[in-house]
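Chains here go by letter, A, B and C, matching the order in which they are written, and residues are numbered from 1 within each.
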Amino acid sequence: MILTAAILILISGLIFPGIIGKVKAKIVGRKGPGFFQPVYDIVRLFRKGSVYSTTTSYIFRLSPLIYFATIFTALFFLPFFNQKGVFSFEGDFVVFAYLFALGRFMMIIAALDTGSGFEGMGANREALFSMIVEPAFFILMGSLALITDHISFYELFVNLHFGSNLSVLVTLIGTYLLIQIAMVENSRVPVDDPKTHLELTMIHEVMILDYSGFDLALIQLANLFKFSIYGALIANFVLPATMPFYLLVLGFLAVEIVFAVIVGLLESFRARNKMNKNPQWIISLSAIAVLVFIAVLILIERM
Amino acid sequence: MVSLLIVLYGLTLIYFALSERVNNYVVLLGIQGVLLFTIAFYNLRDINIVGLIFILLETIVVKTFLIPYFLNRVRRHNNLKRVQEHSIPVFYSVLIIVLLLVTGFVLGNQLEVKSIQSKFFSISIASLLSGLFFVIIHKNVFSHLVGYLIIENGMFLLSLAVGNEMPVLVSLAIMIDIFIGILVIGIFLNKVGDVFQSTNIDELSQLKN
Amino acid sequence: MVLLVFFAISIIISSLIFLLRKKTVNLILTSLFVATQIGLSAYSFIHKGETDSAYFTFDAIGIILSMVLSLLSITTLYHSILYLNRHTSGIKNECIYFASLVMLISSMTGAYFANHLAVMWVCIEATTLFVALLIFHERSKVALEAAWKYLYVSSIGVTIAFMGLLFLSAISNAHGIKSLDMKQLAIIAKDMNPIYLKITFLLVLVGFSAKMGIVPLHTVTVDAHTAAPFPVSAFISTTLMNVGFLGIFRLFTIVAHTGIINWTNALLIIVGTLSIAMSAIQLLRIKHFKRMFAFSSLEHMGIIAVALSLGKPGYYAAILHIVFHSFVKAGLFYQIGQVYNFFKSYWISDTGNYFKINPVGGLVIILGFISITAMPPSGLFISEFLVFKALFALKHYALACFILFLFTIIIYVFGKHIFFLLYSNPPENKNFETIKINRFETISQFVLFGLVIYLGFNPPVFFTDLIKSAISF
């Protein structure tokens, strides 16, 4: 079925934040909210009305819609092991990355639109961090494209075989990089702590301070799906495409759940970076991506 | 297998730029020692067994244990601060180290020597340049020593590349190691710390006009 | 066999000096060692061309430099004794001084005669250690700083040179030669890929520039010569720089008949001219005598590098220059030590009226000034004249004029400070009658300067024959 990937991502996205919350709570010894609590919150928000500030313009009302639309569209780019995504063409991972960038751009200008100093500060940081992490994603995808000689998601993941020792290293580092990129993109620890509500230290949360009701629900829903999209990417990367269908479905869900658990563990045991140390931490991801690129060049014997 | 270890060695070079604590430098040098030990093991299969054991022993003992031990002693003796100051922000030094790594690999790619795989030459040049860069951006005598040890690890890697035919060169590289490790680190650095009461190189500028 | 015996004797003597803490024993043993070294030089001259102990050959350039070393060892020993009598610093420090001196002389001899690149490299590495110990003799802050910097940068330089040697051995392995013997390398050098040879030469040049004292790693030699005791400065700014020169020269002979010789010559000219320019610029701000002489060494090494790039006539001039420079520089340093005895300071502004105080010493200074700035009748005039003749013959007119201009600046600075030392108003509050002038102290300098004049204008046949066979590669 061509929509397998999309349906699975939607399902896993709905339980993702629940798992993270439960893991974090269990580690500190609490019972924690239920698995579906975030979904209930979103449904509740959908039923509420919105309040708009008088300093905002149509951009403020427009951006949550565009943000959600881009994330939702990006969903359909991902392949499901040996089945193409709904949209699949050459160079689709570039469109994928820039759909995300479009959504983020709309959120940034909406935050600037409110005229609030705090939101401007958050927009500023968000723009910087996403700029620094972009090379990491592209260099990683570029390295994979070098190995397999194809440049669309589906072809890339179908042709990815791992034989020698060096390719094991590439897999491990690639997975680590993807996890960290996901953490940066979703504004989790160590880049940003979603629980903190001290305005001076927020990055993503501060941009959505002024949203309420339907808009806030859209934004939170989009955040859920961003996570599970990255989980799908990791699942495609890690699991081979040669297993039977039902095993693949189970493997996909398992990878998503393990990813959520890892995020929960990372959030519990790490502290947030000092704000001025964030750029150097994020640039280290790009540096490691360059190393993966060199390793791939050695692998394909261009070196 | 050797390619994997060389890539991991490149990873340690990046972490040298990234870490700020003095302790991390010492740990990274130990990790480099372990990597060199493994590379030596895989590369020097053809020389006689006694020479091989000597080289392996020296790598593990001196590079992984003795030198970090001496460095730790010097660090405690001089009461070095936990975090070393940089002349340029870490952000830019990471970028520059990546650039040097890429330069090393590009340079190594231009050569096609039959008896060295060009990977060895590339990582060795990258290590030399990174060590020199490390010395330039740090202002502490201790960090200068760490930078010298990075250069020396790069030189040892290059000597492993030709070690099969001429094991005497690998032994020479080891001699420098022992010489620098015991003499320079053990004796001179402590003296500098004692006499100048600090290991900042701004104190070491009396010889200008 | 002979050289191994020599090394064994040097190790035994230096250990004895270090263990038996007695002053007279020091003197006797060191004199014995210097006599042994002179005997070795004579033996090597008689057995010219023979190979000894499988890794050493008594070739011509080694014999020349070893003879220079012998002569300078005698004078260094004499002036060290005078220096240590004036600055007492405990018997242990004196023992370390003499032991390091003995080991330094022996490792330099090994470096001169080695015919295997790795053995030469080991000897050069060994000299670093002993020189650092000698620089550190006075145990002052300045000395510690100079010793630390010297040890550090010299180690980096030697490491870079080692990388060059590793690379050379790798590419020679590809041609089937499994050792770094210089003769075999010279034979197959024509077949090697030029890029590899260029990289090797570049790495070795940069590495040994720390020892020879030219750009780019010249800074530590300048600092070391400033902070060391004056006999040590005299010794290391001459014979040690000769070792650095020999390292580069050996590799130069290997690549001299290959296709990269033009590139090598261009590189040497650039390095030499930069050294002379650096020296000229730095000398304009100089305020310290020993530092002035150290920069002068930088300049002369630059001239030697330029000379080396000029083909056959240049090679002859280079070797002449290095021999003469050793003698003249040593003489200058010895006399400056005597100046220190009077003024208790090496800073230029603290001195003055030296000619009145010590006429013989003042005469030596004038002779030294004439010699080091290459005015006739100094032998350095002959060698620099040959260098410029070759430069003009190869049509490097602009470069020759530029270097002459730099020389003018250097002569100006030298003249200004030397004449300040000799003839300006005396510093106040200094009483010079109580300082005894040692009658025999200036003999060594007269001998050295006279030797330079004699060898410049009327060289004995064996000297010119040695040089000609040294440059016949």
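Definition applied: a residue touches a chain if its C-beta (ideal position, glycine included) is under 8 Å from a C-beta of that chain, and two chains touch if they have at least 3 such contacts.
Here the structure is a predicted model, which means the values were calculated and not measured.
J.: Specify the contact topology among the chains shown, as one of line, ring, star, complete or other.
T.: line
J.: If you tally contacting C-beta pairs, which comes out ahead, B-C or A-B? Let me know.
T.: B-C is joined by more C-beta pairs in contact.
J.: Determine, using the mean of C-alpha atoms as each chain's centre, which chain is farthest from chain C.
T.: Measuring from the centre of chain C, the most distant chain centre belongs to A.
J.: Between chain A and chain C, tell me the centre distance in angstrom, where each centre is the average of that chain's C-alpha atoms.
T.: About 66 Å, centre to centre.
J.: Can you compute the centre-to-centre distance for chain A and chain B, using the mean CA position of each chain? Integer Å is fine.
T.: From the centre of chain A to the centre of chain B is 38 Å.
J.: Could you state the distance in Å from the CA-based centre of chain B to that of chain C?
T.: Distance between chain centres, rounded to whole Å: 31 Å.
J.: Residues of chain B that touch two or more other chains: which are they?
T.: Within chain B, no residue touches at least two other chains.
J.: Touching chain B in the complex: which residues of chain C?
T.: 118, 121-122, 125, 129, 141-142, 144-149, 151-152, 155-156, 158-160, 162-163, 165-167, 169-171, 173-174, 178-180, 195-196, 223, 226-227, 285-288, 291
J.: Can you list the chain B residues touching chain A in their complex?
T.: 1, 3-4, 6-8, 10-11, 14, 17-18, 89-91, 94-95, 97-98, 101-102, 105, 108-109, 118-119, 122
J.: Any idea which chain B residues touch chain C in the complex?
T.: Per the stated touch rule, the residues are 110-111, 113-116, 121, 124, 128, 141, 144-145, 148, 151-152, 154-155, 158-159, 161-162, 165-166, 168-169, 172-173, 175-176, 179-180, 183-184, 188, 191-192, 195-196, 204, 206-207, 209.
J.: Which stretch or stretches of chain A touch chain B in the complex?
T.: Checking each residue of chain A against chain B gives 165-166, 168-169, 277, 279-280, 283-284, 286-288, 290-291, 294-295, 297-299, 303.
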